[in-house]
Amino acid sequence: MTIKRHNPGPVLCRAVEHGGLVYVAGTTADNRAAPCKTQTEEILKKIDAALAAAGTDKSKLLWAQVWMTDIREKEQMDAAWKAWVDPENKPVRACVESRLATPETRVEIMVTAAK
Amino acid sequence: MTIKRHNPGPVLCRAVEHGGLVYVAGTTADNRAAPCKTQTEEILKKIDAALAAAGTDKSKLLWAQVWMTDIREKEQMDAAWKAWVDPENKPVRACVESRLATPETRVEIMVTAAK
Amino acid sequence: MTIKRHNPGPVLCRAVEHGGLVYVAGTTADNRAAPCKTQTEEILKKIDAALAAAGTDKSKLLWAQVWMTDIREKEQMDAAWKAWVDPENKPVRACVESRLATPETRVEIMVTAAK
């Protein structure tokens, strides 16, 4: 089985395809001045783009992990998540609190999808 | 390859089947008044049920992740884990500390199994 | 599909093979007196050994997760990571802060590779 790697940076690839799966890297927002909900919306757009570049989309999401700088902002994140996720095709998910690369980064999301 | 989704809720499915794998969502205990060991036991029963509903069981566990509100309770969690896990078929695992959805939630576990 | 389990310990296996994938357990350094960069170097050697025992290597890494006791040491971890990772074959990755099994443990890494 071949491995196809997308958008390599200094430490990681944005997405990796293998064996009918697309692994997307932990994704954060560029607009770190924005509140948690807005950061989540930006992240989900980036994930849409990564999935599209790998030939799939959010209707094939299998697995997701969400990290939040402050778990008390979970409702904000979930508001953006619910508006985005395909209501007929929700993945499994875990959401926990972890400090992230910068204090302004409110949320980070990592997903795996089928293609 | 088809995707089969189990028990969809407002943000996630309890389990997703795809390509011979069963992904189970991050699972917490309903009895949040209970100590860490008891919460872990409840979680592992829920995981058993989710695996059974997807046609597999703990002997086919591949991968697990454990989050704990207080890593100093790891021995309590591990006592319940060791009593539960199939001794001939242990998965890989990571266990780290993260604040969870509520302060009373002492532990959350997410697994992937083959079927 | 068969499941092959490597180096079972009391709670987990060091690696599990299934369906063309190798799952490696969350890995920490034995030398906990060492600074973060040195701990990361030790971890990556252990991951090399686990991958080799399962018949693969870092050029086939798909997915990685890094937990750090103090995210402000991320540059130290990344220095060791960049010196190690195959520049043509970087995985997806997420890196977050979490307290680990002991306070001296500065970093823990979990990976999945193709074989």
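A, B and C are the chain letters, set down in written order, and residue numbers restart from 1 in every chain.
Methods note: a contact is a pair of C-beta atoms (placed from the backbone, for glycine too) under 8 Å apart; a residue touches a chain by one contact, two chains touch by 3 or more.
All of these numbers come straight from a predicted model, not from anything done at the bench.
Trainee: Taking touching chains as linked, do they make an open path (line), a single closed cycle (ring), a hub with spokes (star), an all-linked set (complete), or other?
Mentor: Shape = complete; every chain linked to every other.
Trainee: For the two copies subunit B and subunit A, is the contact made of the same residues on each side, with over half of the numbers shared, or of different residues?
Mentor: Different, since most residue numbers here occur in only one copy.
Trainee: To the nearest 5 degrees, please report the angle of the rotation taking subunit A's Cα atoms onto subunit C.
Mentor: In degrees, rounded to 5: 120.
Trainee: Could you put a whole-Å number on the gap between the CA centroids of subunit A and subunit B?
Mentor: Comparing mean C-alpha positions, subunit B is 21 Å from subunit A.
Trainee: Where in subunit A do residues touch two or more of the other chains?
Mentor: Where subunit A meets two or more other chains at a single residue, that happens at 19, 65, 67, 98.
Trainee: List the residues on subunit B that touch subunit C in their complex, please.
Mentor: Counting only subunit B, the residues touching subunit C are 19-21, 60, 62-65, 67, 71, 74, 78, 81-82, 85, 88-98, 114.
Trainee: Tell me, which parts of subunit B touch subunit A in their complex?
Mentor: The contact residues of subunit B facing subunit A are 1, 3, 5, 8-16, 18-19, 23-26, 65, 67, 98-101, 108, 110, 112.
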